[in-house]
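The first chain written gets the first letter, and so on, giving A, B, C, D, E and F; residue counts start at 1 in each chain.
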Amino acid sequence: MTRVHRPGEPPYGRGGTFAQLPLVLDAEELAGADVAILGAPTDELVTNRPGARLGPQAIRNADYLWGTSRPNMDVGLDPFEVLTVVDHGDVEVVPGYPELSHRAIREAVAGIAGAGPMPIILGGDHSIAHPDIGAVAARLHPERVGLIHFDAHADDAYEEPRLSHGTPLRLLVEEGSLRGEHIVQVGLRGYWPPPSDFEWARSQGFRWFRMDDILGRGIEPVVDEVLADLEGIQHVFLSVDVDVCDPAFAPGTGTPEPGGLQARELLRAVRRIASTVPLAGVEVVEVSPPFDPAGITALLAHRLVLEVLSGMALRRSGGSARPERP
Amino acid sequence: MTRVHRPGEPPYGRGGTFAQLPLVLDAEELAGADVAILGAPTDELVTNRPGARLGPQAIRNADYLWGTSRPNMDVGLDPFEVLTVVDHGDVEVVPGYPELSHRAIREAVAGIAGAGPMPIILGGDHSIAHPDIGAVAARLHPERVGLIHFDAHADDAYEEPRLSHGTPLRLLVEEGSLRGEHIVQVGLRGYWPPPSDFEWARSQGFRWFRMDDILGRGIEPVVDEVLADLEGIQHVFLSVDVDVCDPAFAPGTGTPEPGGLQARELLRAVRRIASTVPLAGVEVVEVSPPFDPAGITALLAHRLVLEVLSGMALRRSGGSARPERP
Amino acid sequence: MTRVHRPGEPPYGRGGTFAQLPLVLDAEELAGADVAILGAPTDELVTNRPGARLGPQAIRNADYLWGTSRPNMDVGLDPFEVLTVVDHGDVEVVPGYPELSHRAIREAVAGIAGAGPMPIILGGDHSIAHPDIGAVAARLHPERVGLIHFDAHADDAYEEPRLSHGTPLRLLVEEGSLRGEHIVQVGLRGYWPPPSDFEWARSQGFRWFRMDDILGRGIEPVVDEVLADLEGIQHVFLSVDVDVCDPAFAPGTGTPEPGGLQARELLRAVRRIASTVPLAGVEVVEVSPPFDPAGITALLAHRLVLEVLSGMALRRSGGSARPERP
Amino acid sequence: MTRVHRPGEPPYGRGGTFAQLPLVLDAEELAGADVAILGAPTDELVTNRPGARLGPQAIRNADYLWGTSRPNMDVGLDPFEVLTVVDHGDVEVVPGYPELSHRAIREAVAGIAGAGPMPIILGGDHSIAHPDIGAVAARLHPERVGLIHFDAHADDAYEEPRLSHGTPLRLLVEEGSLRGEHIVQVGLRGYWPPPSDFEWARSQGFRWFRMDDILGRGIEPVVDEVLADLEGIQHVFLSVDVDVCDPAFAPGTGTPEPGGLQARELLRAVRRIASTVPLAGVEVVEVSPPFDPAGITALLAHRLVLEVLSGMALRRSGGSARPERP
Amino acid sequence: MTRVHRPGEPPYGRGGTFAQLPLVLDAEELAGADVAILGAPTDELVTNRPGARLGPQAIRNADYLWGTSRPNMDVGLDPFEVLTVVDHGDVEVVPGYPELSHRAIREAVAGIAGAGPMPIILGGDHSIAHPDIGAVAARLHPERVGLIHFDAHADDAYEEPRLSHGTPLRLLVEEGSLRGEHIVQVGLRGYWPPPSDFEWARSQGFRWFRMDDILGRGIEPVVDEVLADLEGIQHVFLSVDVDVCDPAFAPGTGTPEPGGLQARELLRAVRRIASTVPLAGVEVVEVSPPFDPAGITALLAHRLVLEVLSGMALRRSGGSARPERP
Amino acid sequence: MTRVHRPGEPPYGRGGTFAQLPLVLDAEELAGADVAILGAPTDELVTNRPGARLGPQAIRNADYLWGTSRPNMDVGLDPFEVLTVVDHGDVEVVPGYPELSHRAIREAVAGIAGAGPMPIILGGDHSIAHPDIGAVAARLHPERVGLIHFDAHADDAYEEPRLSHGTPLRLLVEEGSLRGEHIVQVGLRGYWPPPSDFEWARSQGFRWFRMDDILGRGIEPVVDEVLADLEGIQHVFLSVDVDVCDPAFAPGTGTPEPGGLQARELLRAVRRIASTVPLAGVEVVEVSPPFDPAGITALLAHRLVLEVLSGMALRRSGGSARPERP
């Protein structure tokens, strides 16, 4: 499997594949790859502003470099020289039928995980955490899977109907895919969910950091604690809802909540996490292009994926970062 | 039931109620009203650009007059002096669960029709034609109900799953709510649905006018034919998908199709229809505010409702139009 | 007074002066010019969407040609070779104090008219018709001044307070600046003003053409009638509210009303009027840039000015149009 | 007075009332409420970008939760369980007549204060600080009223005419509603007002913190000083101009000034203030939706109100914050 | 060469290929195809608003149907069942080096024409007409090539430097690629080019129709004349600048000119032309996405391509149109 | 040379001149001025989003104060009282011909520098650093010129063709205009340029600070080091690419890169630099208005110029800052 930039391929950030990576649609051809990127274009289950279905396309387009070379100046590595990464296309979802869409997503993620690569799923709304993480956890069972969850919202509510972009963590714990004490949440704020859901999370052993904690302590010490909390867990899923950032940095999202992280804090945090813990899956969700007039939210999501890959490449290479220095 | 503009009510096009009409949420209090306006904020079933869930709010806001007086200078009547019209609020839909949402819409429309008023439903995506028209037809059964359908798309496709914004007419005919020979469609164009669906419509006796017909003949003679086609039908439902207009006039919609009607053609047509045929229900659908940067699509939908009401008022008053003339 | 394009002048549609015409700020230096363009950046008196204060700048910027040459291919003349036109800058208005602003506008227009040139005023909201036309009429008194008024709204309402963008014609007639029988309105539609205002207009001898008339007859015959109605009037003021066009063509305006003219109908009409009647003043008003995301409304207003100038140049040259023909 | 969420109420952030609170338009019915929210939709007096008249509607719409429950996870309280809050609608302003509008605003605020609740006014441009604070001060006279003023601009200029969005503090001090030594300003920056106005403020005993101070010291110590400066004042008015935040966080405002606060700094500061000092009135002003393409400025204003209420609820409850902790 | 829609391909209008057609990047593999679609993402030579470089991507994305089936209800044919059409990707242009970019475009178009298919080029700015038409003409030399040119601007100016989006026709005639008497232009309007360029065009035998002609006569008779004018020409190139439409229909373009065609007039005209004359090449140019906030210009360009293909398919099939009729 | 605000000059942020400064187009009239502001409206050489050609106009318009008085409250000086500053208009560029445009820019900058004033160039894309700095260095030769370069991108790449917005520093060093050891870069991040270009920069003695350094250390200590690095250099050019800021603060730019500076950090840094080092020239580049929907990027660029001028004025005045203090 080689990465080739064919002359004649459309040059302006095109929506073809992520970073002009090869498109590998058949799951059986994924063997040998380290990472497969998958779009999950859903938004039926959002309760506020829709549009996340257009997220995967916008994230892929949020690039401006030709060819597949992305040397990271802060780690001193090009992730695509260390890792074999492919684009697995988008799941064929069924608008308005979340059970059908989730089933298709679950199968696609399971197909990736079964073939070997680590999946990076581009959402889509956050309800896909249920099939995303569920599929990864099922594959690894009975080994323990941890979750690092960046979000303004805890997404662990009890609601009827059960499928929603506010409920995936509840469903994952209830079904046994995750254990509460292996979940760490970062960036919570605002007026949701209600205390009863926090009480439930507490009873399950969840740990979390509100933005208020981060403002008091700084993001670096909080990431230290996150890493300490999950020490020893063999497989970690990283779920990033772009609304963990302040709407200034991520206006194009379904339920923006003022008072969040700066982009630079989040980018650094995910790279550090990816270079430290053994990732079993990643999702970047809730990019809603119709509310992203200058395209900066899709751009942020795109770079989050690159930073995750850079961190993973560093971890794989076994060395420490060798930033470009004068 | 009196229409009151209370001092202190928010003056700038507010999202409160349509034209500052009284809000009457209880179906039992609807008796005595002539028309009840209902929002149906759905968009799960759209196949392209979402956002129609925000349509009812945007349509209600697309006003700039204070108080509830809207004298129509072309007919010489204020519809609100002739008709008692109320705002019945929005249906409580369940995002991501179209069967549940459609059930709720069906109940709400049935509740209106059962109480007496004619419903005007503000969409929401066009899938709601199924519960909208179904509820009206059920109420009137076994009397014959006709349909005048302005749309770029025939919306009578056979697809799996069956619920979609492209299938309501198929479902309505199959279930017996409508008979094909009582359906007239205006404004079709483009590359959908496939010939097999046209073949089915033909077999059911549908009549339709493509934009190409209208360009050749003019809109007035086409409306003449529409009215002639439905002559003698006792109850007519009017379904207006704003995408029947060219995207220049209605950019804020889910599946815009270039080459459509001008706004002025459509406004005049719906008023003429409303002043001529006995309307049993009306829907104005597929306004998608996130794609409507200057708000002109919501504005058009708002005026379509006012023109329908003006036409109905003229018909009710029994006279002919007395336009403001020098 | 020479028109010079100095090397180094900013080339991209700049907001400097209209069509890079010379800026002549002192009224006493206006003598010898045929036309003076004046910005009146007000919007305090609008009842709906503000932003017209930014209109003059946006209209001046809506150009893409360098230098001051605008040969009109339909008349076969460059208006700037026939007419001496200057930019007189903007009136220094006082935000929130319409009486002060109107007084300043009145003085500026009177200053132009007194010095000789015909004023073309770029609005600003339509309330400025009061000082614009009032100043021109005062100058010409007791000669008769007619008004051709393109607008969706009659703007002749009785309201308290009296100053508003919906009242200028009422004030002008009441104060004797205009006589009702010398006023012709084109493009009226919608639900305002109330019948009592139409009744008053009727009593004063106003004539008007609703959009409904134009749809029935076509724009050309309507312009024929307008010209016939004002035959013999020695001085005609032309007031163009861009909302006479459909919102598709003029989304960036304060009170858009669906169902209006096409841009091409209006452009042709104003040129024909300007080439036929003796214009004493012109205003193009209600361009609101914040609601004009692609800038097409300012562009239309800019071209309306050029078509007026082209028509005037043709009339001045005494010949008939010599369009560019193969 | 009970808070009821009626089935059928429009679910998508609707512009009805703030947080779906009950609408109480009659001042006499306000007795018993703790807080009344009032819209003041003005923008005539802005000197730059208009649009703040559309602020109250946009702020009310910037919500995504159904029903009236907003548990604050950082204080461990739902403000609506502690405080009785109602929506008092919008003032009926008179566009273009700021004296009339200000008189109406003053009466409405006085009506609230007279009936008992603390007013929270949603602007509107900042000129409303004059009637807002004036009415509150008149009610409390001769007790001392302090002011905490978050803003990029000191708004204490001497200008002719006197009413403007840059002059309210000057007017308030001159008329005796406030004393300079009870005023503390936070966030000043840029090139306005001129030194003479600073000199005047100094002579009156104003205290202020420029952004440059905050960059040097951090926001927390500055809030400490603010609280210390007003220690012992029995009634504090809190005036928040959203332009105190950097345009990244609040692009939708009339006179944005780069270099401001982050949203998270401001949200935390207002909650802390509200939980510490005895508030007599609050205003959140200068949200201009036409310049807020993704709606994040209205969202910020909405959350500022919720944080104020949360802080007040905490103070009322007498305890200390009990944040949701793992 | 088969058209395959693989399960898993990204479903939402993706930027992959036009209408999900197969991507065939090697010119040698083009043999056997009837039409090859090529993107030419340039905009360096525009004199006003840039952005056309993003046109090819936006046009490809302006679709909402899955799979490659586009049955045209007005002709009764699916162009993709009659014609073999492929997407040949984008030319690798060199930003800022128009000679290099034009050379690359010329080679790519020549490569297509040499391999057999008819090229359809998606611009990019209109300067590409020079290499587009030049390459086609060179291939067909010495046979006569005609040109039908829809545009607001004649694009035949003499300017220094010679390459620009306003000069391609001049260059093509000067170099002998086209003869003036085989050129017909439709839709000219405005104030450019100057009379000297019209004089030159006249001397070369150009024919043209200004919008003013079309307003007088109607579009259908004008198309009749266009077809009559080119009768007997064996190879016709069709060049469509989207700015031939009014800015209402095509706001997203570099030099919008009010007063143009309606989309429905243009769509019908190009289909009729394509079904009547032997096309040797087609270009659709000047779509500028940054000025197309609702995406309707890209949508129009996309449908123009589909109508051209539909017309060609009808001509190829040898029959007459069999529209879907009741 | 006096600064006069003539009554009647257009008041709303007009695009005329920067801060309503006098327009001085002839280079020979520049003698005696301290600073001349020059627009360089290019964008042909950008590799991603175009639009920077519209930057100079937008930056000039990003003002809201009348007259030419901008007292800086943080330094206690009005730069326009200390320095004589004029607006030298825009360079007449040739779209699509970067060599011609660069030659014209070089001549214009040389003309300013030769006449005496320090040039401040408003871009335009960053390729203009080549003529901007080249012209200044040529003038000062053989004295040493240093460069402080704020940017997300190092812009020192080796690429073919050599002119691009990614290569100016390479060209400047190669041609001897700058020496690598006199260059300090601040804000680098992301995945470009490749390691070979960093290696080259290292070999030339460049110094740089990645965002990662700044996150670790804080901006103030980094500016300390920048100043120390250039100590003793007699002439410093300051080049500010607005993309050094995070896209939240500067969305309207050609190649936005998440993770950058806050506006307040950059504003403070440039003022401090301008008050400390002897500036020989300044450029503020890469503002792209089509991607700046709320105008905040142009606003930031405008304030960066004011902060530079404030710092220079402070340095010129010889004293230390006297901020407005209570």
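To be clear about the criterion, a residue touches a chain if its C-beta (ideal position, glycine included) is under 8 Å from a C-beta of that chain, and two chains touch if they have at least 3 such contacts.
Treat the numbers as computed from the prediction; the structure is a model and nothing was measured.
Undergrad: Give me the chains shared as neighbours by chain C and chain E.
TA: Expected: B, F.
Undergrad: Indicate whether more than half of the residue numbers at the chain B-chain D interface occur in both copies; give same if so and different if not.
TA: Same, since most residue numbers here occur in both copies.
Undergrad: So, what's the distance in Å between the C-alpha centres of chain B and chain A?
TA: Comparing mean C-alpha positions, chain B is 41 Å from chain A.
Undergrad: Measuring centre to centre with CA averages, how many angstrom lie between chain D and chain E?
TA: Result: the chain centres lie 55 Å from each other.
Undergrad: How many angstrom lie between the CA centroids of chain B and chain E, rounded to a whole number?
TA: 37
Undergrad: Quick one: which residues in chain A touch 2 or more of the other chains?
TA: Only 12-13, 47, 49, 53-54, 246, 248-249, 262, 291, 293 qualify.
Undergrad: Sort out which chains touch which and give me every pair.
TA: A-B, A-D, A-E, A-F, B-C, B-D, B-E, C-D, C-E, C-F, D-F, E-F
Undergrad: Spell out the residues on chain C that touch chain E in their complex, using ranges where they run on.
TA: 12-13, 64-65, 69-74, 76, 78, 246, 248-249, 262-264, 267-268, 293-296, 299-300, 303, 306, 323-324, 326
Undergrad: For a test of understanding, state which residues of chain B touch chain E in their complex under the given definition.
TA: Residues 47-49, 188-192, 194-195, 198, 201-202, 206-208, 210-212, 215, 246-249, 251-252, 255-260, 262, 291-293 of chain B touch chain E in their complex.
Undergrad: What residues on chain A touch chain E, complex-wise?
TA: Against chain E, the touching part of chain A is residues 6-16, 25, 39, 41, 53-54, 56-57, 60-61, 88-93, 108, 293.
Undergrad: Using the touch definition up top, name the residues of chain A that touch chain B in the complex.
TA: Residues 43-47, 49-51, 53-54, 94-98, 100, 127, 161, 163-164, 290-291 of chain A touch chain B in their complex.
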